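Heads up: the structure comes next, in C-alpha cells.
In order of appearance the chains are A, B, C and D, and numbering begins at 1 in each one.
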Amino acid sequence: MSAWAQHLPALQVGVPLLTTPIIVLLRPHGLAWAAATLTSCFTFFIAVMLTLAVLDGQQVQYSMGGWPAPHGIALSVDAFSAILLLIVTGASTVALLAARQIVNAEIEASRQPLFYTAWLLALAGFVGILVSADAFNIFVFMEISSLASYVLIAGGSDRRALPAVFKYLVMGTIGATFYLIGIGLIYLMTGTLNLADMEVRIREVSDQKPILVAAGFITIGLALKAAVFPLHLWLPNAYTYAPVPVTVFLAACSTKVSLYLLLRFDFFLFQPNLLNHNIQFSYFIMPLAILAILAASSLAMIERNLKRLLAYSSIAQVGYILLGASLVSLIGLTASVIHMFNHALAKAALFLCVACLATRCVNLRIDSLRGVAKQMPWTMAAFLLAGLSLIGVPGTAGFISKWYLITAALDEGLLGVGLIVVVAAGSLMAVYYLWRVIEVAYFDKTNEGTKIVGEAPLGILVVCWLVVLSNYYFGLAPWLSTTLSSAAAQILLGQVP
Amino acid sequence: MDWLGVYYYWAFAALLMIGFYAVIAKSNLIKKLIGLSMFQSAVFLLYITMGKIDDGTAPIYHEGVSQQIFSNPLPQVLILTAIVVGISTVALGLGIIVRIQEEYGSIEEHEILGIDER
Amino acid sequence: MYYVVVIATFATMGLALVRALLGPSVYDRVLAVNMFGTKTVLVLIVIAFLYGRPDFLDLAMAYALINFVGVLAVLVFFRTRAQREPTETKGKD
Amino acid sequence: MTVFFGVFLLTLLLIVAIAMVRTDNLFVAVMLGGIFSLLMATIFFLLDAPDVALTEAAVGAGVSTVLYLAALALTAEREKIHTVHQIKALVVVTTTALLVIFATFDNVQFGDPTAPVHVHVGPWYLENTQRYMDIPNVVTAILGSFRGYDTLGELFVVFTAGIGVLFLLGARPKKDTEAAETLIPQQSETSEGLRNYLIPRLTGRLLVPIILLFGLYVQFHGEYSPGGGFQAGAIIATGIILYALLEGEAAALRVVPQWMLMALMAGGALLYGMVGIVGMLLGGQFLDYSVLADNPVVGQQVGILLIELGVGMTVSGVLLSIFHAFAARDKY
C-alpha cells in the first residue's frame, strides 16, 4: 500500500479524469450514475487520505512524469488545498448520491452518460486546480472545470438555462484569459511557471510594473470567476436554471476554488514580495466585500425564486470570505478559509433541501411553497436547521466562522467595529430572507387546488439530513476545520506551521 | 527587436481591446464569440512574442541548421495548449448558440432578454 | 531576390485584403479570401528559404490544403442557404 | 527586414480585426476570421514558432471556419443591432488596455537573450532534450514529456468540449415534429453535398487522400518537424469534413460511423491515461515514460509516440463528432 501512497496526488486527479472515457461508453444508463458515484466516492476517499497525510505533517509533493519541479509539473498538497479537496470531493459525492431521480426526470436517458461524464470532468478539473503547483497547469484544469460546468448547467430543463450559460461562458473565459495574461507577464519577468519557484524569483523584480499589472490581472480575472460582487452577474441565473444536483455541486465548490486561487496568488505570491500589496489588496477587496454582503443580501430579501434567493446569498457569502481575507491577518485568513468550509456545508444542505422540494413541487417560487411544511415536514425541518447554520446561530458550523470573523475584526480597532456592524447586518438580513421561506412554508395555508404531495424520496432526504447534521457536527466539534484553516492561514502568510 | 518587440506588444494590447470591445458591446451572440476568440488570440501573440530571441530560429534541431540560438520553446508549448482550449470554448459556445436559436428563434442578446421577460 | 518576392507578395496580399473588406458582392470576398490564402502560402515558402529552414515547407502545404477546405465549406454554406431561403421564409414565424 | 515583415503583417492583422468587429454580415466576419488566422499563423512563423503556426492554421482557418459556418447555417447570417452598452464597453476596454500598456513602461525586453524569460527554465529544455529523449523537436519533447501532464489536461479539454456539444445537441428541440415534416424532402438534398458539381468534386476527391496522408505524416513526423498529435487530428478531421462536404453527411458517416467516432474519442483519452498508469505500475511516476523500455531514452520516445497517437485520435474524433452534431441539426 505504501507504494501507492506516494502516488496519491496523481491519483486524486487521475481517478476521476481517466474514468470519464469509460463512462461515456456505458450503455445501460443507470450504470453511468453508479460508476460516477463510485468514482466520486473513491476520489473523496483519496482526499481524506491526503488530508490525513497533511495532518500528519508530511510534505505531499509529486513530480509528474518524474521531471523535477521547475522543468516538469509538480503537484503539491498542503493544508489549504486539503481542506478544499475535502469540500469539493465531498460536495460532488453528496450531490451525486442525491442526483439520480432528479436527473432521470430532467434529462433523457440517452444523454445521461454524457451528463455524468461532464460531472466527473468538472470534478477532475476542480481537483486538478487544487493539487497543482504550476501556474499554467492550473489554467488548463480551470478550463476543464469551466467547460464541464457550462455543460452541466446547460442540462437544465428550463430554456433560460441556455442564455445563462452563455453569459457564464463569456465571463468565465474572460476571467481565465485575464488570468493567462497575468501569468504571461509574471513568466516574462521570472521565466518560470512553478509557483514555489516563482515566489523565489519574483523577489528580484517585484518593484517592476509588469508584476504589478500581472497582480491586477490575476486578481480581477479570478474575482470574475469567483463572482466577487460587481462581477457576479453570471452567477444568479446560472445557479437558478441549472439542474438542482448541479447547483448543489457548484454552489458548494466552484466559486470556492476560484477564491482559493485568488488567496493563493495574492498571499502566497504577491503579499511577501510586492511593496504595499497588503494595503492595495485591502483597499480593493474590502469595499467589494462589504458591498457584496449588503447588496447581495438585500437582493436576496426581495427575490421571489427560492433558488435565486440562495444564489444571491452565495454571493453575499463570498463577501464574508473576502472580508476575512482583506484584513490580512492570521485570524482573518483563518476566518476566511473556515468560512469556505462552513459555507459549503450550509449551502450544500440548503440546496439539497431545494432538491427535495424539486422532486415534488412544480416550480420553486416562494409563494408556490405555501404550507409545504405540512406535506414535507422532514424537508422543511432540514431547511430550517440548515438555515440556522447559514445565519450563524451558536452550535452550528456557521457560528464558528462568524466567531472567527468577529474576533479578527476586533483586532482592527475602530474599523473593526464597523465591520462587525456589517457582519451583524448581513446576518440579520439572512434571518429575514430565510424567514420569508419558513413563514410561507410553515404558516401559510396550502394553495387552493394544489394536490397533496408527499415527502421527498427517502434517498435524497437521507443525504440531505446527513449534510444538515454534519453542519451541527462541525459546529460542535470544529477540530478538523479549525486545524486545517489555521494551518492554511499560516501557509498563506508564509509562516511555516 | 527593441522597438519592434514593443510594437508587437502594443499590437497585442490593441487586439485585446478590439476583441474585448466586441464581447461587451455586441448584442449578437456569434459576434460575441468571435470577439472572445480574438481576445484569446491576442494573448497567444503576447506569449509567442516573449519567446522570440533576436536572430534565433525555431527550436527544432535540423542537419542544415548551423545556428545555435534557438528561441524559447516553452511559451510555444503553452500556446499550443491554449489554442486547443480556445477552439474547445468556441465549439461549446457555438453549440449553446445553436440551442438558443432553436429555443428562442433569435441570437440577439437583447431580444432574448425581452422574450423571457414577457 | 527573396526580399523582392516577399514585398511583391505582400503587395498582392494587401490588394486582396482590400477586396475582401470592400466586397461589394460576397463572391468578391470569397475569391479574395481564397487568394489571400494562396499568398500566405507563398510568403511562408519564401520566408522558409530566407531563414534557411526549407524543412518548414510542410507548413506551407498544410496551409494550402486547409485553405481549400475552408473555401469549399463556404461554397457548401452558400448552396444550403440558397436552398433553404424559400422554406425558411415560409416555415418560420 | 524582419522588422518590416512584422510591422506589415501586424498592421494587416489589426485592420482585419477591426473589419471583423465592424461588419454586420456574420458570414463576412467568419471569412475574415479565416484571413485573421492565416495572418496570425504567419506571424507565429516569423516569431520562430512553426508548431504554433501549424496549429493556428489548422484550427483557425480550417476547423473553426467550418464550425462557425455550420452554426451560421442554423442561425442567422446578419447581425440585427450593432452595439449595445457602447460607453460601458469603451470604458472597460480602455482601462484594460491602459493597464496592459502601463506594463511596458518598465524595462520589458523582448528578444533580448539575457531577459529573465530566456535564462531560466527555457534553455534547460534546449540543452537536455537530446540527452533525455534524443528527438530534434524540442517543442514536441516538452509537450509530450516534460509537460506531458498539461497535454493530458489539454486532451481532456477537447474531450469535454466534445462531450458538451454532443450533450447540448443531443436534446430534441421542442417544436421538433412540425419542423421535421416540412423539412424532410429538403434534408435529402442538403446531405448530397457538392456531388453534382464537377470541378469541386474532382479536385476535392483528389485532395481527400492527400490530406489524410499528410495528417498521418504530421502525426508521426511530429518528433522531427513541426506537428504532432493535435495538428494531425485537426488535419485528419478536416480531410474527412472535406469528404462530407463533397459527398454529403450520410456518405461521410458511412465511412466513419458514429460509434467509431465515439471509440476514437474515448480510446485516445484512455490510451493517454493508460500510458501514464503503465508508467506508474512499472515503478515510475504518473506519465513517466522512461520506464517503458529498458533504455530510458527509447522509453521516452515510445511514450511520446503513444501519447501523440492518443491526442490525435481524440482530437479527430471530437472535431468530427462536433461537425456531425452541427450538420445533423439541419434536419430539424
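Keep in mind that, in the parts below, a contact is a pair of C-beta atoms (placed from the backbone, for glycine too) under 8 Å apart; a residue touches a chain by one contact, two chains touch by 3 or more.
Keep in mind it's a predicted model, so treat the numbers as computed, not measured.
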Legend entry - Chain separated most widely from chain C, comparing mean CA positions: A
Inset, instruction - Please work out which of B-D and A-D is bridged by more C-beta pairs in contact, and write that pair. - result: B-D
Inset, instruction - Go ahead and note the Å separation of the Cα centroids belonging to chain B and chain D. - result: 12
Legend entry - Cα-centroid distance, chain A relative to chain D, in whole angstrom: 31
Inset, instruction - Averaged over CA atoms, how far is the centre of chain C from the centre of chain D? Could you give it in whole Å? - result: 18
Legend entry - Computed distance of Cα centres, chain B from chain A, in Å: 28
Inset, instruction - Would you mind listing the residues of chain D that make contact with two or more other chains? - result: 50, 72, 100, 108, 117-118, 121-122, 125, 147, 150, 153-154, 157, 160-161, 164, 168, 171, 225-226
Inset, instruction - Would you pick out the residues of chain C that each touch at least 2 other chains? - result: 55-56
Legend entry - Set of chain B residues in contact with two or more other chains: 16, 20, 50, 57-58, 60, 62, 74-75, 78, 81, 85, 88-89, 92, 96-97, 99, 103, 109
Legend entry - In contact (per the touch rule at the top): chain pairs: A-B, A-D, B-C, B-D, C-D
Legend entry - For the chain A and chain D complex, residues of the former touching the latter: 7, 10, 14, 17-18, 20-22, 24-25, 62-67, 70-73, 108, 110-111, 114-115, 117-118, 121, 124, 128, 134, 136-137, 140-141, 143-144, 147-148, 150-151, 154-155, 181, 185, 187-193, 201, 205, 208-210, 212-214, 216-217
Legend entry - Residue numbers on chain D that touch chain A, as the complex places them: 99-100, 102-103, 105-108, 115-122, 124-125, 145-150, 152-154, 156-157, 159-161, 163-164, 166-168, 170-172, 262, 265-267, 269-270, 273, 276-277, 279-280, 284-290
Legend entry - chain B - residues contacting chain D, complex: 1-2, 4-22, 24-28, 30-31, 34-35, 37-38, 41, 44-45, 48-54, 56-62, 69-81, 83-92, 94-99, 101-103, 106-111
Legend entry - Contact footprint of chain A on chain B as seen in their complex: 16, 20, 23, 29, 32-33, 36, 39-40, 43, 46-47, 50, 74-75, 78, 81-82, 85, 88-89, 92-93, 96-97, 99-100, 103-104, 109, 112-113, 116
Legend entry - Residues of chain C that touch chain B when the two form their complex: 51-56, 92
